[in-house]
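Pasting the structures here.
One chain, chain A, links the two complexes that follow: it is found with chain B in the first and with chain C in the second.
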Partner chain A sequence: MRKQAIDTLKLKKLIAAMGKDGEVFGPVAGEAGEAVLGPLTDKTPAVLNFGNFKLPLKRVFFPQCEVLSTAFAGTVTEEKPEHKKIVLFGIRTCDAKAMDHLDRVFLSQDAIDPYYSRRREDTLVISMACTAPASSACFCLSTGAGPSNRAGADAVAFNLGKAVVFESVTERGDAFLTKHKTLFRQPTAAELEGVKRQEAATHKKLSQQSLSDAPKLLKKQPDPGRWAEVSATCLSCGACTYLCPTCHCFDFQEESVGDGSRKLRVHDACMFESFTREASGHNPRADKSKRMQQRVMHKFSYAPENYNELFCVGCGRCIVNCPSAIDIRETIAKVTL
Partner chain B sequence: MSRNPYVAMPMRIDRIRIENDAKDLKTFRLSFCNKSDESDFRYVCGQFAMLSLPGTGECPVGIASSPFDKGVLEFTVKRYASGVVTTALHDLSEGDGFGVRGPMGNGFPFQDLKGKNLLIVGGGFAFTTLRSTITYLLDPSVRGDYKNITVIYGARGPGELLYKAELAQWQQRSDIKTHITVDKGSEGWTGRVGLVPNVVKEAAPSAADSYCIVCGPPIMLKFTLPPLLDLGFTPDKILTSLERKMTCGIGKCGRCNIGKYYVCKDGPVFSYDKIKDIPENGF
Partner chain C sequence: MQTTEKTMRETVKKLFLDNKVDIVIGFQKSTVSDSGRPFFARSVADTDKLVWNDGCAANLAVFLPKLFEKPLRPREGFKPPRVGIIVKGCDGRSVSGLIKEKQALRDHLIIIGMPCSGMKTASKNRQEAATVGRACVECAAPLANEADIVIRGDLKKPVKSGYDRIKKFQSLPAKERWERFVAEMSKCIRCNACRQACPNCYCAVCFADQKKPSWTSQAARLSDTIVFHMGRMFHQAGRCVECDACVNACPMGVDLRLFTQKLAHDAHELFGVTPGITPEELPMLQTFKQDDTECFITDPEEK
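So, the complex of A and B:
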């Protein structure tokens, strides 16, 4: 772990220098004024003060739709995307943490996902610590992630206004600091102190309520009636899963192309009735209360059993965007009451 | 570079056998189009594969052949009216091809079963991987590794029994005890009539130094587990195989998640003690 600083005015130069290694993506001003993930260049600087993107970043490695193979005249040809170096700069630490979770799934040694793996290998991740919650729905501290967590990132940046302090997390992050050392300088003692103060101040702005007990409480298997109550207003629209940075369920679809076909991988959601409906018509999760149970249990009970961590980073997207105003924190509280 | 787990290997249909009167169960015997695939495809009874039809889709099916059947794989596929892939597979002819991804899942734990008495209980269409298992166990090279083998197999009616020729052969043998039963007899049926759980009670094989493998529809499992427990089979000695809708087959797509397990990767074979407290186990 090394720390380097850069004057904020020089950030443009750093981004231009990074651009020589690959395409740099980060927060840019969108049409409606909100920050969206877009290419960073001399002309489109990174937006440093923003809440968070509406869409999670999983689509960078695990797109909403991608071609896995094509078939023509009985021969199946594997789709091999080209290597394309990418830098993700200034993304939120919760989204980086979510990548760390997805790595456990897609890069697990027993079966490595070649598509995810290729894109992940090609990507340098430089996150930026939060200085304020994006909304009242932010609860990263409750999940153990926290506004300046390092997981999933190669380096994490702290925006101190006039300067940005970078801290490397991985060897790749170290190499990034070394490569651009002419642009960096040693951080001053005041700047290092500033980073600490900022972390402490941001922590205070977040909900302190911990969800670390959730796996233990959920393991006791709440009464099915409770799940029916908390899911009563759920529309099964799947917004929570599509916007969740750690949700990774997918489906394969076949599509005709001329005389052949191609096999696509598309995002899917455990909140949909068809997700577990079998060819026989049998469906172990025909009822939406069971689907709600599955989503919550997977994140707060099953995955923690396998990975020893909650599979939720507390980004709050599912809460902000639920058309029925379902709050997963309240859901857990109600079913484990 | 290792094989892309999402790309199927091409196989050719050598033979199609219609298994039942309802004609909705067909056994496909396949051979490998690429010789190298044959040596890569090493499997254990109880494993499954994704059958893949480009332009149509994929579905998970248990392997019905035995690892001793060199150069071929067999899958018995049930056609469902709403099953797009199973219907398309049933429309294929000998000489046609389709893809196979696998083998997937854990299979039966033969290391633990060695030196034990084995009770194998099957119902309906779930008998496919049990047929693989029995064929394997009866091979002269491994039969001596196991003690008594008892098979109880039931179907709705005589016309729904799978692998009839092999059932007849097994009944002739002295190194396996076979109880075949049907829920409801028909004209000409001279065999046993009765539900699987009742046959388990009647046959009452000893649980001493034994393992039980039980595969069947959830309703059969629900009523067969109590008599097995009564006979003294402890939950860790009762093995079953679960079925779920699946996409990837390698523990990523999330579809077959049940408790902390993925049926495709951690199963499909589970000992009953591992899954009995999971509300979604289905029985």
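So, the complex of A and C:
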């Protein structure tokens, strides 16, 4: 772990230098003034003060729709995503942590997803620690992530206003600091102190309630009636799952194209009635309470069992975007009461 | 507004005490803001949780078709629940529409009409303070006309809708309209929140979810998205009550109102129907009159 600093005015130069190694993406001003993930150049600088993106980063490596293969005249051709060098700069630390979760799913040694891995393998991730909650629904501390957590990032940056302090997390992050060492300088004692103060101050602004007990409590199999109660106002749309940075369920679809066919992989959502509908017409999760149970159990019980991690980073997207304002923390509290 | 809220709670409490309802659909405080979110009150104790404020934007009528749905194999002595529902003007229009379409049972329903002064909704693209939505600014009927109980309070002045925005939009060349439509559709991520939040979208299986044949896929490519939205919107002709439940539910800020309001405009201008208000027995598209206009088929560009 190394620490380097750069004057904020020199960030443009750093982004231009990084651009020589690959495409640099980060927060840029969108059409309606909101920050969206877009290409960074010396002319489109990164927006440093923003809440978080509406859309999760999973879409970069695991797009909502991708062609896996095409079949024509008896020949099947596998589509391969373009191999690109990507730098993700200035993304939120919760989103970086979510990438770490997805890596556990798609890059685990016994089943490496070739499509995901091809897009993901040459990515340098430089996250930016939050200085304030992005919305009133942020709860990253509760999930063990926290506003300056290092998971999923190669380096994490701290915006101190006049200067930005970078701390490397992985070897790749170390190499990044070394490569651009002419632009960096040693951080001053005051800056290092500033980083510590910022971390402590942001922690205080967040909900301190922990969700670490959730897997243990959910394992006791809450009463089905409770799931019905918490899902009563759920509309069975996919806003929560599609905007969730860790939700990764997908569906395969075949479509005909002229005389041939195409195999697609598309995002699926466990909140949809069709999620587990079988070919026979039978649906083991026809009731929305069962689907709500699945979503919560997957994130807070099955994932901790399989990967030793809550599959929730506390970004709050599901809460702010739910048309019925269902709060997953409250759901857990109510079913495990 | 506080007295309104108090009166509402007491009214609902009385309904439970008099054993007139099993469920009352209303609003409770959200966990992350002061606005109201849908809530099912099931007992006297729940009534204290009911809130009424300027953030109660959701259209609660959306829950009715499922509540009244007859089970596939009803148990002996099955009775549909007795439902109370807190409604704004728009929710009330939806409820009336659902009754007309036999999705809600009038004699099992107690409609509690609230004085609506316009609801604030958070902007979907920016971290901005919530503002009063277009549906409320242009609302012609803020009080439900079919209410069984009317709670008095701060009622917004009704506006005579001139459909100015639609008239302006439809006067644009087809190319420009198409470009605008495609631009809005491109924002869509096919989460189906618009459909799920719409009281009129109660089909047991939506055409968009059908697999045999498959009309459109969940793949969220532009052409799929366009087919989905066009299909959904056409199904709203003569039914859309301009409540903007779809607009408010959309996480991506798609301006669906620009297109759904055109349906309301046409129903009004061509057939003299305001869905949920015109007291006709049958829905607009289930009737035919000799002198019904056909200009929308024969000359769609006629303004």
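Everything that follows uses one rule, which is that the second predicted complex is superposed on the first by the 337 of 337 C-alpha atoms of A that agree within 3 Å, B and C clash if a C-alpha of one lies under 4 Å from a C-alpha of the other, contacts with A are read in each partner's own complex, and residues count from 1 in each chain.
Methods note: a residue touches a chain if its C-beta (ideal position, glycine included) is under 8 Å from a C-beta of that chain, and two chains touch if they have at least 3 such contacts.
This is a predicted model, so every value here is computed, not measured.
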Simultaneous placement of chain C and chain B on chain A, clash or fit: fit
First, second, both or neither for A:Q221, with chain B first and chain C second: first
Chain B versus chain C as contact partner of A:F106, first or second or both or neither: first
Partner chain(s) touched by A:E278 [first = chain B, second = chain C, both, neither]: first
Contacts of A:D251 with chain B and chain C, given as first, second, both or neither: both
Which of chain B and chain C A:E78 touches, first, second, both or neither: first
Touching partner for A:D268 - first (chain B), second (chain C), both, neither: both
A:Y302 touches, of chain B and chain C: first, second, both or neither? first
Which of chain B and chain C A:S135 touches, first, second, both or neither: second
Shortest CA-CA distance between chain B and chain C [superposed frame, angstrom]: 8
Chain B and chain C footprints on chain A, overlapping residues: 251, 253, 268
Chain C-facing residues of chain A, complex: 30, 32-34, 51, 54-55, 64-65, 134-137, 232-233, 235-239, 241-243, 251, 253, 255, 264, 266-269, 272-274, 316, 319-321, 323-327, 329-330
Chain B contact footprint on chain A (complex, rising order): 68-69, 71, 74-76, 78, 105-106, 108, 110-114, 221, 224, 248-254, 256, 260-261, 263, 265, 268, 270, 275-281, 284-285, 290, 294, 298, 301-303, 305-306
Chain A contact footprint on chain B (complex, rising order): 2, 4-8, 10, 54-59, 80, 82-86, 97, 99, 243-245, 247-248, 250-255, 257, 259-260, 265, 279-280, 282
Chain A-facing residues of chain C, complex: 30-33, 35, 37-40, 58, 62-63, 122, 124-127, 189-193, 195-197, 209, 217-221, 245, 248-249, 251-253
